[in-house]
Each structure stands twice: as C-alpha cells, then as structure tokens.
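In what follows, subunit A forms one complex with subunit B and a second complex with subunit C.
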Partner chain A sequence: MKNVFLPNSIEEFRQIWSAVPDAVLMAGGTDLLVSLREGKTKVKNIISLERISELRHIDCSGGEILIGSLVTHQQILDAPIIAEALPVLRQAASLLGSPAVRHMGTIGGNICTASPAADLLPALYLLDARLELHTERTKRTVPITDFIIGPRQTSLSEGEFLYRIRVPIPVPNTRAYYFKVGQRKALAITIASMAALLRLDTDMTVLEGRFSWGSVGPTVLRFPETEKILQNQKLSEPLLKEIGEKSARLTEPISDIQASADYRRMLVSNFPLRLLQAEKYTGSNGKK
Partner chain B sequence: MTEALAPIGTVLTRSDASAKVQGCEKYAADYYPQGMLWAGVKRSAYAHAKILRIETSKAVEVTGVAAVLTSGDIRGSNRVGVPEMDQPVLADDKVRCKGDPVVLVLAENKKALELALEKIEIDYEVLPAVFDPREALKPDAPLLYEQRPGKNLLLSGTLERGNGAASLKDCKFVVEGRFKLPWQEHAYLETEAGVAGINSEGILEITASTQTPFRDRNELSHALGLPADKIRVTAPYLGGAFGGKDGITVQGLLGLGAMHSGDRPVKMWTSREESFLSSTKRHPAELHYRLGCTQDGILLAMTCEVVLDTGAYAALGGAVLAMVLEHAAGVYRIPNVFIEGFCVYTNNSVASAFRGFGAPQGLAGIEQMIDLLADEAGIDALKFRLKNAVNRGDTTGSGVLMSNSTGIISCLKKVQRHPLWINRQDWVNNAPAFKKRGVGTAAGMQGTGYGPVILDIANAKTELLPDGRFRIYSGVADMGQGNNPTNIHIAGEILNQAPKDFELLQPDTGSCLPSGSSSASRTTFSFGNALIGACKNLKERILTRACNLMMGAYFENLLLARGKVLDMTSGREISLQAIASSMTEQERISIFSYIAPAAKHPESVNSEIRFLGFPHRIFSFACHLALVEIDELSGEIEVCDYLACTDAGRILNPQIYEQQIHGGIVQGMGYVLWEDFRIHNGDVLCRNLATYILPTAVDIPDLQSLAVETEETGPFGMKGVGEIGINLPYPAISNAVAQALGRRIYEGPLTAERVLKCLNSNPTGGKSED
Partner chain C sequence: MKISFRLNEKMIEIETAPDRRVIDLLREDLGITGTKEGCGSGECGACTVLIDGVSKLSCLMLAAQLEGRSITTIEGLVQDGKLHPVQKAFVSHGAVQCGFCSPGMVMSAVDLLQRNPLPGRQEIRRAVSGNLCRCTGYQKIIDAIQSAAKELD
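Moving on, here comes the complex of A and B:
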C-alpha cells in the first residue's frame, strides 16, 4: 500500500516531509504515475504538492516573471502575463501533451523530472531561467543549466525542493520561437526540439541570437560558441544552415523507439531554417 | 406524443448512443459479478522454448490465491483456432512466442494475483527461434510444429491466368516493385475482457467481448472438453474489435478458471500492455510485383509474390492469404497473371483478422504499381485506372468474375470530376517555402462474406411481445459499428413501427440463433436479410390473425400501423396487444434463415485457398484521393484534404454509413503514416499507447465522403461498408507522397524519419532504398 499525503500549505508540507523523509514529491504526476505503473519506480510514500496555493502563482516583479513550481501547463497557457512577456514559454506549453496532461502536469514537475525531451526546458534554457530552491532552513537560486546535470538527474540536495522559477523578461524587440518534432501533432514525445531567440536590427542584422536544443543530448543543450557566429551578421539561409550544421555536430543524440540518432541530427541541422520561414513569412505560411 | 418513423435511407439517431455517451452501457469489461475472483496468466518469457518444469507451490501459498492451473488441468484438447486448431489455452509441451499463456491464476484481488504470478517458476529449454518468414521457409529453419507435414508453411496458393509471367515480354512498359508493409495493432478502446461462472444447472456461462459468440462456444467445447449445450456465451456491446476479437481471446482462460474456481465467478481483463503483447495483429506483408501494359496503357501482364508472417499460430492467417491473393490484382482486367502467396509460421506475435482482412495489403501493392506504371507510360493515373477498371461481367486479374453490382468506374469518374482533382496542379504549384505537395489516388474493392465453400448463413428471430411491442434476437455482435441500431431500423421499416417499439437482445447462445461472425463486411448484409425475412413472416402472421379476429376483414385491406392493425375499408382497428394475446408463444416468434450468394464460377486456384474464401461474389468499391504536404525540414507529412467515393450499394442510414467511411479512412491513415507496431526478435517493442502512435483528431483533415449507390441484394439494396474505407489510404497517400518527393518509399509506415532520409539521400539512384 502507498500513502499519499496532500498538504495544504508549505508549513504542513514541511511537517509531513520531516516525518516521512523517504517520500517522493509529486508535482502533477504525469511522469511519476506512468513510472509507477511500469514498475520502474518503487515508492512507499508520496507527497503531492498540488494543494499548496503558494506554489501555484504567476507573478511579475523586478523585470522577472516568477512562476510557482506547481503552476500547471494550462495556467501558463492561460496567463496573460506569460503571453505578453514570455510568449515562447506559452508556445512550448501549447505543444506539450494533451489538454488532460496540461491540466495535471506542472512546470516544476517538468524541470525536476529533468527529461532531455521535456517541452518547457528549451525555452527556460533560452531565457536563462533561474530556480529558487528551498530547504527548511536555506534558500538558494541557481541557473537552470547548473540544476539539471543529466538525464533525470538534478542537483537537488536532501530536503530541498523547487519553490519557484524566475525568468528574466527579454529586452524589447526580441522574438523567440519553439519548434518541436514528435511522432504526431499532439500527445507526442519530443524527438527533437529547438528554442531560439533573435534580436534583429531593422535591416535584419542579428544583434543577439540564442539557441537551445531539446532531446539531442543528456540535457537540453546550448552552444554559446556557435551562437556567436550570428553576431552582427545578416540573417540569411546560409547562415542559419551553418548554425544548424555546426550545432548538429555538437549534439549527442541517442537512438530509441521514437527515432534514430541520425534523424535527430538531421532535425537539428534543419531547425534554424524555420526561423527564416517564421521571420520572413509570418502569417502567410501557406496553411489552409 | 407521436414518434416519427425513420424511413430507410434517412438518419435514425443510434439507439445505442445515449447509454454509451452517458457511460451506462455495460461492456464485458464492466461486469463485476458478486463474489468474483480475478484471473490472470503467467506468460512466456521466450519466443521458442520447451517447458521442462512448472513450479507453482510458492504461488499457491500466496494469501488470497484460489487456484493455480496449468495445461494439466484441462480436460479437452486444449486447442483453439479456426480452421486450424493449433493454439493452446495454456501452453503444454512448449511455448512458441513471447506472451504465450502458461499458467492461470485465480485470486481474490489483483494484488494477490500479481504476487502469485511473480512466484511461479518455469524451467525452459530455450529452442532456436525464427522471426523472418523467408528464413522460416528454409529447409534448416527451426520448426514450430515438429509433426506438421508442411513444416513452417501454413498455406500457399498459386493463381495463373493466360500466359502468366511469359506475357511480360510482350509489354511495352514494365515496372517492378518490392513493398514491405508493417504489423498493425487493433488498439480497440476495450481491451480483451470477460466474466465466467458455472450456473446452478451446471452450465458454463461466459460473457465476453467477442465478435463470434457461437463459434466461441464450439471452440470452447472442443478445447475444454465440455458438451456445447453446457456452454452459454453472451456478447454485449464491444468497445471496438476491428477483427481482433474474431475468435477466442480470454474466453478459454475464463472457462478454464470457472471450472476450477469452487463455483465462484471469475473475471479477466487485460491491461493495455498485456493486450499489446498477447493480441493478434494485421499480417505484415512482403509483396514483389511486376506489372506491364501496352503502348496505349492497357494492362497485359502481372506477377506478384506475397509473403505473410502469421506468427506462432494459424488463427485466420490462411483466409487472410486468400484475401490478399484475391485483391492483389485490384479492380483491373489483366489477362496474363501469375500470383503466388505464402503464409508462414514464425515465433512472432500472432497475426489474424484485421478490418479489410488482407485487402489492404493486396491493394497497397497493386495500387502503387498502377501509379508506377502509369507514370512510366506517361498516362494520367486516373485515366489509366479508368482504361483498365472492370465493369459488371468482367473478370479481374485474380480471376474473380464481377457478377454483381460493380460501381468502380462511377467512383473513379466522381473523383475525376471533383474540384480537388481538377485543381490539383495549381494546388501543388502553390506549395509554400520548405514544403512539397503531392496528389495521389487509389482504387479498390472489398469482398463480402465467407467465399464459395463455407456457407454464409444468418438466422434471425423476432417476436411479437404480449404487450404489442417487438423483440429482435440478434445473432451478430455489435462491436461499435452500429448493427444493432441498424437492425431496429430495418425491422421498423418492415413492420412499420417506431424504434421505441423494439427491444433488441444482444447475442446469447442460449436464446438467439447462430448467424456467423460480425466480420467480413457481411454482418448487416446477411443478418439484415434474415431479419427482413423474419419480420415479413411475422407481419403476415399478424395480418392473418387480424382477419381472424376482425370478422369480415380481408387481408389485402389491412394496414400494419404503429401498435395496431387498421382495416382501411371500414376504419376499424385492432391493437397489436390484442393480436398478441390471441397467439401462442410459438406463433408470436418468427424465424428466418438466409444464405448469402456465393461465387459459382470455375475454380482457378488450389482447393485450400478456395475453402478459405476465394473468390467472393459481392464487392464494395471505392476510389480515394489524397492531397499531402511534406515538410522538407522534418519529413513530416500532413494530409491536407481527403476524398473517398464509395460504392457500398444503397445507404440505409447516412450517419452510420459516414461513420464507417470516416473510421476506416482514419485507421488506414494510421496504417500508412504512424502505426509502426515493432517486434524485434519476437520482442514486442511497442508496449503501450505512448510508443504505438495512433492518429489524434489534430492529425486528420476534414474527410469528404461521396457515395455511388448501386443496387445490390443486401437489405434495401445495400452492400457492406465496414471495411472498404480502410483499404485505400495506404496506396492513395503513398502515391501522393511519391509524387511530392519524386521518388517512392517502399517500406511502411511513411514516418517523418523515413521521408526525411529519403529527401536527404542521393536522388541519382532511382529507386529509394529504405
């Protein structure tokens, strides 16, 4: 038999956790419950954090968006402040799972599960998100790149939990995009993904370009050296091809039931070209 | 309040809709009898192994375990299957694929069941296994059945017409193609489920999710060693089947359990993972074609070799092979043909019936060949089809005489006149950046019923109830396609009563009559015709009795109206209740047997293939059109528009008709684009719905369905519509993709990965390799 605890406040949560320190924290359960069904995870005690309202807020303060760790993907889709300040995060949430999964799954769960295929992570890497980690006594804030250390591995220490995500609002005139390929259009695990941020001058000269890559390495990847190639160059097809090809060589994808490593590399090579499409042909994509 | 009657040909809201939408319809999986035990099985961990020893003592000791059973506890033959009885209820001497059931456990709850299953120890001697059907045919291949004279070959068949392959040299244009088609999983919503118990009269009662309640009873009698009259099978609504429940799934295990449960009912319901592991699939197929035509595009010669992998047990593999051969030349007149097919045992999962029953495989081959050849001859693909398609009275390349309604040319012309076809080149030319567009068509047919040897018989039974209402005793299960509502629609039309005046008893071997399986596009065709006969007899009996009761009335002046009989000359009337009360029970019940027409023309194939269904007499036809857009950056295919023109005879209910067309197309799109059921060295790699990719609503475009209503001998002129829709998305979409890419991918499904690799590979090699 499993015990499931449902604390209503941080205080109550701390009391329960100190009484059952071996408990697994559940933040939505869209990964954990699947893993339990498959027998991959054996647990005795589960603490579900979904009733702690303090963890379910989205706020804006000091040039940052503050997102509670138990904010669901649906909340991200629905919040006007996210649509306005972090549209790329909203776009990523819109491509995640299905309505049922988006209503249950949370941003904190997506981060702490630390799957390289997680849909919110490329956007959070791109935006230089930082994570507030709390224990009963301590608080620290770490960049997301330092937090996720491998597939399904984080640097959470004992007694520590993810309290909140802090995302700096990008400077004006930047645009960011999330592109994903899965085995179908909805309810699909990401085969490979790219989040990209561009700040362009009026003549299409790149002032800043960032790229993060999902599901093509042990964690979401960024290649700062490659990003520099763009600096002060005019956005063009050859340039974006070069970014794609260089990045593809740096990725370390695996082959699994969804796709081969080769295919993942091909996708990385081609993804940046989507920016050309998006920047040049916004709104006239030939869709019915 | 008067209730409108719903004439045949108009929409009648499905009588099953309300209960299903509200969640109160009871499927087999919803039965939880008082005092029941859970049944579950320990399955084989090896693809091929001899069972040396089964140690059950630790499992028996688990608290809550009621029984642990092995093949030694089975009194009968321990074999099920039709026509070849080769599949054990519980493995005895050896296992032949992963997932073979070995030990059955009955327990108070699922926890105890799970624990007991873990504690069973089985010692195996692992045997060499074979996973490739061509390897399995080699003389030194490991044998699944050591005593079988045909070794691993379940069945082969050869069809030769005219000068056969020799005529290829007389052709102006000849093309060749080798196609590899994947397994497909039925993935019905309701996994295999049922309950069983022995009643106070010693009768084994089984309620199961099954397409074949009457056949199940006979197989269970044989396998479990019980007389058939000691077994009763009932079939409530199924939560989907698509052929996957055409025969025994859990029924044998349930029956065995109930015979050893200490008089307690037992329930079994597979998880999705167990269902994927243990259920049957669509046969994967390898097809090798050569097809040739004259300068003018008249088809002259064809050769085709078919290899089907039927897995560890025969199931309906032989009959599926017969269907592939019959459909392998499609809807065309081809005078010189050589077709040869092999259905082979391997240590893979069992393949059996799946909507279309071999026709999708045959048509996937010939319809891609037609496009290749039309292209080679420089003739528009639709015109090429029209030049060669059969009329009534013609014989197809496979040697099937089109003796009945044949609407394929009308279907082709309907597509040809459609704006999507007329404007196709503009649409292709307007592809946006990084996109390629293509348009493809495919044509084909679907045979109805069981073929020339095994009679397709349905026996309908209807009753005038004492209260003046009517009861239909259905002999055929409704797995979701709506034949129960259709039966009410049909009976309502004949008896001139409203749908509410009927109750319908679902198949029950204790009170209904055997009427064959719900399969082969024959359910409404055959049972509906039997029902019409039963209703007409009953109507005549009611009117005759009214003459007796209303002195001075004449039969020809009487009208059977809702709830009453009216004398049109005098205006007098008498209620159906009054008529019913004047009848004995025997008089109130009407029974009618119907035998479907079968092909009588001369044999052109070996007798085994003929026995298993070749050829059919009645066919539905269709022509499909697909417009696809390919993303050059990812290889993803989007089907932008889709049109189906179908000849399935007259339409009884436009809504149910359209549901069948739409459902078939969507399942066919899954087959060609996403559903890649992977089995590697006997291991099922697709273990759940996260890795077996079914299309979702956003993956499917709006579907257009147009009907060509020829007149046929089914109820009110109809033909079967349950399968024809699934047969053509594979070739239509493949043809569209080939046009967009400028080359063809010969191995399915056409995943984005295969498409992108094809795009990125060197295009100078001609044929793409995959």
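Moving on, here comes the complex of A and C:
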C-alpha cells in the first residue's frame, strides 16, 4: 500500500516532502497512475499537488503569461487570456487526449513527464517558455530546452519542483499554427507534430519564422539555423518546402508501434506546406 | 485511512487504502457497479464519473483524492426514480448495443450539456471522443445526446 498525501498549500507540501523525500509528486495522475499500475515506477509515497490553489492560476504580468504547474488542459482551453495571447498553446491543448483527460491532466505534468510526443511541448518550445523551478530555499528559471534532456528525462534536481511556466507573449500580428498527426483525431499519441509562428510584413515578407517539431527526436526539436532561411524572404511554397526538407534531414525519428521513422520524416517535410493551406489563422490578438 | 465524501448526493465515510483506485472503491467495496472498467489506463472512457460536476476517469484517481469531494456515478443521475433526460434519450434512440460503454457515454454527455446546453453534432462528437463504443453505435449515441439537449433546453 502506498501513502497518498494531499497538501493544501505550498508550505504544507514542503513539510510533507521533507518528511518523505522519496515521495513521487503527482500532478493530474494521467501518466503516473498508468505507469505505477504497470509496475514501471515503484514508490511508497505519493504527494498529490492538486489541492494547492497557488499552483492553479493563470496570470499576466510584464509581457509574460504565468501558468501555474497544476493548471489543467481544460483551464488552458477556457482562459480568455490564453486564447488571446497564446493561441498556439490553446490549439495544442485542444488536441490533447479526451475531455476527461483534459479535465485531469496538467501543463506541469505534460512538461515533467517529458515525452517526446507530449502535445503541449511543441507550442511551449515555439514560444520560448521558461520554467520556474523551486526548492525549499532556491528558485531558478530555465529555458524549457535546457529542462528536458531526453525522452522522459529532465534536469530537475533533488528537492526541486516545477512551480510555474513563464511564456513571453509574442508581438502582435504573429500568426500561429499547430498541426498534429495521430492514428485518430482524439486520444491519439502524436506520430509527428509541428508548431509554427510567422510574423509577416504586409507584402508577405517573413520578418520572423519559428518551427518546432514533436515526436521526431528524443525531445521536441527546433532548428534555429533552418528558421533563419525564412528571414526577409517572401513566403512561398518553394520556401516552405525547403524548410520542411531541411528540417526533416535534421530530425532523429524512431520507428515504433505508431509509425516508421520514414513516415515521420515525410510528415515533417510536408507539414510547412500546410501553412499555405490553413484557411484560418489566429494572430496574437485573435484577429485576422 | 478513513475518507468521507459525497456519493450521489449522500455523505459517506469509508475505511480504505488511500491508493485504492476510485473504480475499485466504487465497484468492489461499495458494490456500485454501474461504472465500468475498460482499459484501466485512460484510453476508453468507460469509467467516466463526475467529480464536483466535472467528468473524470475513475481508473486514474486514488481513493484519497475523493476526500471532501462530491462524486456522481450513473446511478446518481436517477432522480425520484426517474431517468435523467440523457438516459431517457439513450433508451428512446436505441443508443445502446452491448451497453458496456453507455454509463461512461452518458456521463460525458451530462458534462457536455452542463458546459454547452445546445451543442452541434461536431461538438457532441468531440465531447464523446474519449469514450470508445466497440459495437460502434456512435450515430445513435450522437442522436440521443442531441435530442436530450433539446429536451433539457
């Protein structure tokens, strides 16, 4: 039998954690409880963070959106500020799991589980999200790219937990896109995904282009050198084709039960072409 | 450990292991077997219940998490011996084949109608996208939910 603790505040959580330092932290439980049941993770003590209201807020401050680690995917979908400022994150959340999973699963859980196929991660990489990590005595903020170091591996130190996520709000008139391919439309593990941001001049010249790729490497990937190709070029099909092909060569997909590595590379090389097909886009103000 | 919570509008207190899954607590300890277990890993929706009115998966919740909460199972939808409009619509539209997915489907539909009283067919599909029906009777389920929405409105 495992002990389950449900602290109501950060202070109470710290007291419990220092008494049972071997405890595993549970966010929404949608991954953890499956792996516990499969016997992959062996633990004696579980600390559920779901009752710490401090971790469940979404705030806006100093050009950043601050998202508590225990904010659920449904909260992301429901928050007007996310729809307005970070539509790409909202889109990612809308494609994750099923309604019940979105009511339970959290952004912090999605990040700390660090699956290369995690649905929120391409959006968070794209937005240059930074993570606030707290211990009892220290606080540090690290870019998400430095936090996730491999499949299901993070650089969390002992006694450290993810307190909140800081996401800089993109400048106005940035278009955001998120595409995911899975075996079906709901409850599907991502075979490959792409999140993209484009900032265009009135004549369709690309001022800035960002692309992140999910499920085609040990972590979500971005290729800054490839992104530079876009700069000051007119947005066109050949240009997007080049981005797709160059990115596909840089990815490191595996073949698994979902799909082959070749298929994943093919998706990567074709994803950017969808930007042209996307009839609708959402600017950072939620307007065309 | 002793936990107390509201189960289908009645306060109960029960001695259980804190890491017991809510689905096992319901079915095996309390004998409330309307809620089904399909996959046990959050992929099928058969075990869907409402926690404080919000649909969640009882196979991915621990008994301790119920402390002080209110849980509604399919049994709790019946009021004064009368079926909930969603249940009634499932019956009248023949939205039941083997019946195993029905409790979860109904709970997901109730959650949907609380958020969105007049959903379109696409919104209904999305709302039950986490509930698998292996008999594949989806069209009638969607018909039933649409008709219940009209009835409730």
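The rule is simple: the second predicted complex is superposed on the first by the 278 of 288 C-alpha atoms of A that agree within 3 Å, B and C clash if a C-alpha of one lies under 4 Å from a C-alpha of the other, contacts with A are read in each partner's own complex, and residues count from 1 in each chain.
What we mean here is this: a contact is a pair of C-beta atoms (placed from the backbone, for glycine too) under 8 Å apart; a residue touches a chain by one contact, two chains touch by 3 or more.
No experiment lies behind these values; they were computed from the predicted model shown.
A.B. asks: Contacts for A:Ala186 in the overlay, against subunit B (first) and subunit C (second): which applies, first, second, both or neither?
C.D. replies: So A:Ala186 meets both subunit B and subunit C here.
A.B. asks: I'd like to know which partner A:Phe271 touches here: subunit B for first, subunit C for second, both or neither.
C.D. replies: first
A.B. asks: On the A-aligned overlay, A:Pro99 touches which partner chain: subunit B = first, subunit C = second, or both, or neither?
C.D. replies: The second partner, subunit C, only.
A.B. asks: Touching A:Ser260, do we find subunit B (first), subunit C (second), both, or neither?
C.D. replies: So A:Ser260 only meets subunit B here.
A.B. asks: With both structures superposed, pick whichever of subunit B and subunit C touches the larger number of subunit A residues.
C.D. replies: Of subunit B and subunit C, B contacts more residues of subunit A.
A.B. asks: Return the residues of subunit A at which the contacts from subunit B and from subunit C coincide.
C.D. replies: Common interface on subunit A, subunit B vs subunit C: 34, 98, 185-187.
A.B. asks: What does subunit A use to touch subunit B in their complex?
C.D. replies: 34, 98, 181, 183-189, 257-260, 262-263, 266-267, 270-271, 273-274, 277, 280-281, 284-286, 288
A.B. asks: Under the definition above, what is the set of subunit B residues touching subunit A in their complex?
C.D. replies: 430-435, 632-634, 636, 640, 674, 678, 685-686, 690-691, 693, 695-699, 751-753, 756-757, 760
A.B. asks: Looking at the complex, which residues from subunit A come into contact with subunit C?
C.D. replies: Its residues touching subunit C are 1-4, 6, 29-30, 33-34, 37, 46, 48, 50, 97-101, 103-104, 185-187.
A.B. asks: With touch defined as at the start, can you tell me which subunit C residues reach subunit A in the complex?
C.D. replies: Residue list for subunit C touching subunit A: 17-19, 21, 40-43, 45, 48, 54-57, 59-65, 67, 108, 111-112, 126-127, 129-131.
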